[in-house]
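A, B, C and D are the chain letters, set down in written order, and residue numbers restart from 1 in every chain.
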Amino acid sequence: MAGADIRADMWLTEVITPWDMYMHGATKVLAYRKTQFQEMYIIESGSFGKALMLDGKWQSAQKDEFLYHEGLVHPPMILQGDPKKVLILGGAEGATIREVLRWKNVERVVMVDIDGEVVEACKELLPEMHQGAFDDPRVELIIDDAQKFIETTTEKWDVVLSDLSDPIESGPAFALFTQEHYQQVSQILAEGGFFMLHSGPLFLTELYMHARLANTVKSVFPHVESAWCYATSYGLPLSYIMASKQAFSAMPDPVESDRIIAEKTTGSLRMLDGRSLVGMLQVPLHIRKLVEEETEVYTLKSPPTPFGRGSMQSGD
Amino acid sequence: MAGADIRADMWLTEVITPWDMYMHGATKVLAYRKTQFQEMYIIESGSFGKALMLDGKWQSAQKDEFLYHEGLVHPPMILQGDPKKVLILGGAEGATIREVLRWKNVERVVMVDIDGEVVEACKELLPEMHQGAFDDPRVELIIDDAQKFIETTTEKWDVVLSDLSDPIESGPAFALFTQEHYQQVSQILAEGGFFMLHSGPLFLTELYMHARLANTVKSVFPHVESAWCYATSYGLPLSYIMASKQAFSAMPDPVESDRIIAEKTTGSLRMLDGRSLVGMLQVPLHIRKLVEEETEVYTLKSPPTPFGRGSMQSGD
Amino acid sequence: MAGADIRADMWLTEVITPWDMYMHGATKVLAYRKTQFQEMYIIESGSFGKALMLDGKWQSAQKDEFLYHEGLVHPPMILQGDPKKVLILGGAEGATIREVLRWKNVERVVMVDIDGEVVEACKELLPEMHQGAFDDPRVELIIDDAQKFIETTTEKWDVVLSDLSDPIESGPAFALFTQEHYQQVSQILAEGGFFMLHSGPLFLTELYMHARLANTVKSVFPHVESAWCYATSYGLPLSYIMASKQAFSAMPDPVESDRIIAEKTTGSLRMLDGRSLVGMLQVPLHIRKLVEEETEVYTLKSPPTPFGRGSMQSGD
Amino acid sequence: MAGADIRADMWLTEVITPWDMYMHGATKVLAYRKTQFQEMYIIESGSFGKALMLDGKWQSAQKDEFLYHEGLVHPPMILQGDPKKVLILGGAEGATIREVLRWKNVERVVMVDIDGEVVEACKELLPEMHQGAFDDPRVELIIDDAQKFIETTTEKWDVVLSDLSDPIESGPAFALFTQEHYQQVSQILAEGGFFMLHSGPLFLTELYMHARLANTVKSVFPHVESAWCYATSYGLPLSYIMASKQAFSAMPDPVESDRIIAEKTTGSLRMLDGRSLVGMLQVPLHIRKLVEEETEVYTLKSPPTPFGRGSMQSGD
């Protein structure tokens, strides 16, 4: 080879599998915290601007987090059509709130995240991501276990967004990937409401995780579709699961979606429009097949414990 | 962190940018050649089976090359509808031929690759990829400059597939990414023919390359669409450009596509069906915008020279 | 930083500790074997020429193996004064034989290595290291367990050189690091004979290994000194233990050593002379103290099992 | 391989040569500064405790810096016999002062370092290294160019210690590695005084640097010896050059050295005693030969410019 120039002294290294490592050069470490729940770094990366890493997993990067966050928020909002009350489970950096607030008719957004220290660090150090969203009067931030909130809330929600880290054994989000949890989510959805779940990366050897989560959601909701987005800084496509008690099209008319976006949002979406939404919902054939053939359902008795560090990528 | 287990002694390292390195653990090095044109490794990787690396860039891996190769071959074949003559520019490992041969009515496939040593090594060591495709009586393999072939062929082709390494300065494929080249391709296309081009990775900071290539193709063909696929072993989505002199839909009816696949192919596609095809053609909004706003056109006088090692990912 | 140029696609990576990795760029992989006993790579490295790696540990590199091998062989040979019969335990690449054969009065060299496949690969691919030593009529190569040879030989040896991989759990050399073994070595030493043992790296957090081995040898031999050499490609200093039933000076007169070298060898030593020998024997104070304070003795019942992969560096 | 456990998310990576990288896992980044002169990291490393990195080069680590600093300070102090006034050029972390202050008769220590920001960060964050040495009333810290100090001081010094980063092109220490500089040092040495210089790593392919610096010092001082120490966290042995206008033995009597240490110091040296001192001065034969054969002398007109990043290791 002719030689390659590298520029960093410090390399954030994600062990994606025992055979694959992705290294991102950092120019600065802005914060390190070992919280009650997880280990956090906020760095300045050479390629992607500021980035958040939790428990050794790349979460969000300034320059491309719009891909993941627009992909998480807008599809269920568009399909719901006119959401007013939105609940976010997890959501540390506030970028999910930011996207929700683009919807002009939204009246109330509650974000429940268990790790107050991480949220505080993001508030302080990642203004590029939250863009002041935490200060919007429509927003209520609750630092608590999302599970507890769901069990006690008496409100109904038009859209519920699950923006959690992956269910790694030592992570805080464990029970939130089970049938029991999805049943509770189902009960707090308003009429015509939508549930959107981040369901981990689509790494070739880890596709079963998306399939099992999708199958678990399907054991609760009658209408479920897989979706995906690419997020270059992860080195992996990320997956979502969208669910509703009402039927919806897996190929929604792009003209209609564009009309809703134009009318109901402030109009500044970067990645998502009607065509992108259609694309997001056309997960490749082999993944759809895996989902169809999957039989396992995660429950509290049989939760997704085997997902260890290095076997999943998180995104929130 | 709790610690991560890694398994390899030897790590194939791709410097994707000066700030980002992707390392794949190898268990064996099956071949190394420094040919007249490029530096080649064929390895056995821990996660992806056998893999081909050219000039420091990951090209194809046994376990996920079907994503890239199905994505390259079948979209133009489906849109053409009933291709009989197919020309492949580049195509080292033979996996592109393999996919073309799934089409029952194909009568003649010519593959023109400049690097006979790489093709020979692939023939010998990567049977999992070509699956005997080189021996099919419909196939003619020509070791020569693809440009020269195009200038001299008098045949017309239903589908032309450009399955080249990226146009890095020292690479062999340089002139094949210019307006002049695309004009020649246009002239050898049969009535209703389609041209499909691999146009490099969609790395956040390198999107301009796809945009410029797309704009260059648009300077020649009246009907052009961007497409993409994910290929996990690259750590990046890959892009394509599909072009034709006849109009075609960017959202082809999936039922019709599935019918064509069922009727015209042997039916064993893994990633691609009607829905996947629709998904592949819905490149995210910000990329479509970049393409629209692009003004640069690559010509022989002003070729894509700045693409250096580390700035692009190749796939063929 | 201003940026650094790196040159390799393939990096041989030694996990020295879970917190420290040393990566050497390779230009070629010359051989890979999974033998009955170990996993072997012979590579061409960018900095150090050809190199041998066993079970993930860097063993020898063409450009600097003289440091380790001169340091292993000549100190006991000089102190013995006129060795005629030399026994080598281990010694794969033949470089240890090569150094022994520089001694003009040597009449018989036996090398006993358990792994015939590794020896054969070294013979074929590393002529720069053995320099034909295996073909010298004074040399007998025995492919067998060194322990078995020692138990059955009836010969007496002027110098016994233990040139083994580290006693990692899965390695072949396990029992050869115990008191019982050293007692047997003691019994086959000729009058005035010397025993020299490679005793692993002096990595800051692994010094106890040298100390325990030294203490084990001291439980058998009345006269024992630690020695060391640096070997740049390891990233670590390596240690030895020299033992004899006769007293010897830890600061042998350099003039006398130089005289012996000049008279008894072919005179082409590169690293070792009288001054270097004195230097090798002056292990730093804190290591001498550790050895003095050590109480553990390795026996067959209580062998050095805890040394796992990544905790030691081998050299042979 | 059986697999290796790694523990860090963040890896400080030193590109030692374009073919060799040494990576140290960090658990925390304690400070990052881009000063007027250099780029500084202070990290908490997994293996070596706190560590200082300047311009991409590993400088000092808490757990093994005693090896380098005892090796720098005590040899000239012992050979001088009873030093009272000591000048330190460079010396950022204060560990050099700390070692000097172990000498009971020392009356005055001046440390001149150009980079006040680095010194301040070390004072604050590396108390384990300086151990309060900066507060000793015998110490004067001057933040200035060492060259300027030497040109203007009218004092005479018993020992001058050059504890500088390597003369990389962009580094601050450039002119301090030339014949002119050594002449000025010579003029401020007291009768019987000693000069000790850190002269870079002994990496196999970079030995010429030590040789040229040694030859440059020899062009000024009549009595010069090379010395070395190992410092495991560097992955390399480090070299020194000791010089005096008076003759001294390269193999000083260890009993006499031990007597001086016992009498004149507080007695808590860890690595250095009479035997270690002898060992440090017995640089291997091939390095002594390189020094003897060296003809180049660094001058202000012909300074050591070619030493670029990645070609040298610094230590202070």
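In this text, contacts are C-beta pairs under 8 Å (C-beta built on N, C-alpha and C of every residue); 3 or more make two chains touch, one makes a residue touch a chain.
Just so it is clear, the structure is predicted and the values come from calculations on it, not from any experiment.
Colleague: Taking each chain's centre as the mean of its C-alpha atoms, give the chain farthest from subunit C.
Modeller: For subunit C, the chain whose C-alpha mean is farthest off is A.
Colleague: Report which interface contains more C-beta contacts, comparing B-C against C-D.
Modeller: C-D
Colleague: Could you state the distance in Å from the CA-based centre of subunit B to that of subunit D?
Modeller: Their C-alpha centroids are separated by 55 Å.
Colleague: Roughly how many whole angstrom separate the Cα centroids of subunit C and subunit D?
Modeller: Inter-chain centre distance comes to 31 Å.
Colleague: Once you find the CA centre of subunit B and the CA centre of subunit C, what distance in Å lies between them?
Modeller: About 51 Å, centre to centre.
Colleague: Can you list every residue of subunit A that touches 2 or more other chains, as numbers and ranges?
Modeller: 1, 3-9, 11, 15, 18, 23, 39, 56
Colleague: Chain touch graph shape: choose line, ring, star, complete or other and state it.
Modeller: Graph shape, chains as nodes and touching pairs as edges: complete.
Colleague: Where on subunit D is subunit B touching in the complex?
Modeller: 1, 3-9
Colleague: Hey, which residues of subunit D end up touching subunit C in the complex?
Modeller: Of all residues in subunit D, those touching subunit C are 1-8, 11, 15, 17-25, 39, 45-48, 55-56, 63-64, 67, 170, 202-205, 228-230, 232-233, 235-237, 250-251, 254, 269-273, 275-276, 278-286, 288, 309-310.
Colleague: Would you mind writing out the residues of subunit C in touch with subunit B in their complex?
Modeller: For subunit C paired with subunit B, touching residues are 3, 6, 8-15, 18, 23, 26, 28-29, 32, 39, 41, 53, 56.
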